[in-house]
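Supplied in structure tokens, the structure appears directly below.
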């Protein structure tokens, strides 16, 4: 059971340590059902931390997002740990970053929050429009309970959870230094129904599907920027010399952008679904990522973000790896 | 769409002559170019301090300061450091090759207001390029101005632009020239040290004087400090800013330092103005 | 000025068909999963029952990607695009129309941007009064702003039970309406109902900011720790700027395929690091702190300094769609506290 007292006390203890810079968690947002990332550097700042079905953000992205300025002459670089609150999916990003050596184990202190699924805020806002007052929510069996100005509303998980949560197989953090409460029972099974649905279509139908979606892409790069696994300092898609993808926004370049990203995430995507959540024009990016996820599992029996001791997929080789896809 | 007055449509110009000022990875190459179209050539008017967008079709454009004075003739000069995609491509150009030019953009040094004053230019590295037109302009209108003092330095002799030209000034034109390099080199007859130190060595009087400085941000910072030590008032000090630019005409948005658009409100600013803008020296 | 006119809702499609004779008609239509303003080719696709489009209609006069000219590699001839067509933007919300009037000032600063004004001067804006504002709308915070504001509009259209009321605002709007034969004069009662619905809509707005003192005070907060605090969670994506109806910054790129070259411009965002990155590698706005500070200052101070108006219309999009809940009203509230 979620224990906010314990969460805040733990966070206070952690930020009191000399070797910790801050703890990144969630706090109530500025309105309605929004929750925002919160960086607590002092114990009193930890009071704002929270955990609920509204805590959608995968905070692991902040491990690599910080833009580091050169350390002024005569000053020592800040080598303190960053403490991070993670749900099951978020923790897989931490593992994958460790696997890829994008992060050192000593650099991060992981606080695990077993999670029963977070909501799709867009769905919730449609269900309960015009709620400006900060609202809260909690898990109750198979329901999500929303505390609204006119009382509590129970909604079944199916109605408000995004597909990534309904299919989730890792609700409990796979890596942590500290677990805040008991693990929850996993509910997801991996049958790739969502992927199979697209696979069953003809190539023309699939292209029609994606054409429609990619056409509306604005190239705001929120999917890339929010992705904890997109942490290249110099993204190939920003490169101008040479230019791999033009900045012009049209179907061709948008497709090039999304396919490049999907391939770069093959064997690396940890299914947190943040790309899909943040997309302002609702491109179902997880369908793309999950297709490649399925390929990787089936062909190489490899799941990213589970075992911190694993070798990255692209850096590993087995003599009996299938080669039938190589032209 | 109408052809005339389309500020995005560049003019074609031919490289008449080109030479390297400095060598190395970030070499500086000077281009002397002439517009192909007679009408464009005649309508072109610029003053010291202004810039132009030069580029190549298929590659792109860069905002470069015009490094010649209009008094020098019906041509333009650009001294370009090899940096990004566009400047790398420009460096491939040889005499007879074409480039595109549009402009001129930005404000200019207030050369009319400075008549009757002493002019001191303080440049570092490629920063001498926007200062060169003033020197040429003052030289050409010598009777309108009092003393002309040129203070210029670079990291090494290999990094000095326009060296022969500046050394040539020493002897004629009633110009007092002072050159420096950061570290001692054999055969170097001039000052050794940073430009701000050279400035103190020269110690120009602020009386009826205007100081114009251009160079790397860190140099400008110390030059400003030293000019203040020499009792120059804020409105006696001028510099030019540079920022990334795309349009050159105040539309694309990116060159602002605070509420100043460098492409239109600048690139020339007095220190009195810039002091109000914290982003100016970012 | 011509009186208010009415259109039976059942005749909407015929009306739209009449509007797009020899003109582009931009109206909200479904693109992928979202509603966007795009040229209408089939009236039945037009959707007028919405709060506001996710992507603002600025693309009707300032497309996300626009070719400035084309050329052939190895040759020097520059081919400018054809002049654009007359256009009607129907269904634009009053906030977004005000936004166009605001960015007009930038695009006409000293000299007109020929590409922008080629479209802008040919555009008639038929606004749709906003009777159900969204939770983060704060348009009434601005002089001239409001859910039925006519600023920037040529015609104000309001949905009533089974009619639309169309009120001409400018001569252009009057001319446009006089060309349509499906309109009838609205009765006094109908006009009163519409006015009442406008007043009620304004009452529904839940958020507001008193902008007094912000433009003058903002630059003084340059070194405030506030900027670090409000930008800490920023992802550096382009949502807040691309979806902003007053954001107008663009990039220019040469794009070459085979021997066909084009120089085009496309929306750019001050929230991207590359935006201000010098070729030398130096970046005057090296982190999201400086970029966020610039975004707020640009809207609420620099633009005011230059063009006498705040470059924000209170449409609420940057709040609605920010993935990490960076809320401009929250930032401005903190700014006011520090003033």
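Order as written gives the chain letters A, B and C; numbering starts at 1 within each chain.
As a convention for this text, a contact is a pair of C-beta atoms (placed from the backbone, for glycine too) under 8 Å apart; a residue touches a chain by one contact, two chains touch by 3 or more.
Because the structure is predicted, anything quoted here is derived from the model rather than measured.
Chains making contact with chain B as well as with chain C: A.
For the interfaces A-C and A-B, the C-beta contact count is higher for A-C.
The geometric centre of chain B is 39 Å away from that of chain C, both derived from CA atoms.
Chain centres here are Cα means. That of chain A falls 31 Å from that of chain C.
Centroids of chain A and chain B (each the mean of its C-alpha atoms) stand 49 Å apart. Within chain C, the positions touching two or more other chains are listed as 251, 253. Looking at chain A, residues 240 sit in touch with two or more other chains. Residues of chain B in contact with two or more other chains: 84. Taken in their complex, chain B has these residues touching chain A: 84-85, 88.
Residues of chain B that touch chain C in their complex: 1-3, 5-10, 12, 57-62, 83-84, 87, 98, 217, 242-244, 246-247, 249-254, 256-259, 261, 264, 278-279, 282. Every residue of chain C that touches chain A in the complex is listed here, in rising order: 31-34, 36, 54-55, 64-65, 135-136, 206-207, 232-233, 235-239, 242-243, 251, 253, 255, 264, 266-267, 269, 272-274, 286-288, 319, 321, 323-327, 329-330. Residues of chain A that touch chain B in their complex: 240-241. By the touch criterion stated above, chain C contacts chain B in their complex at residues 68-69, 71, 73, 76, 78, 80-83, 106-107, 109-111, 113-116, 118, 219, 222-223, 248-254, 256, 261, 263, 265, 268, 270, 275-280, 282, 284-285, 290, 294, 297-298, 301-302, 305-306.
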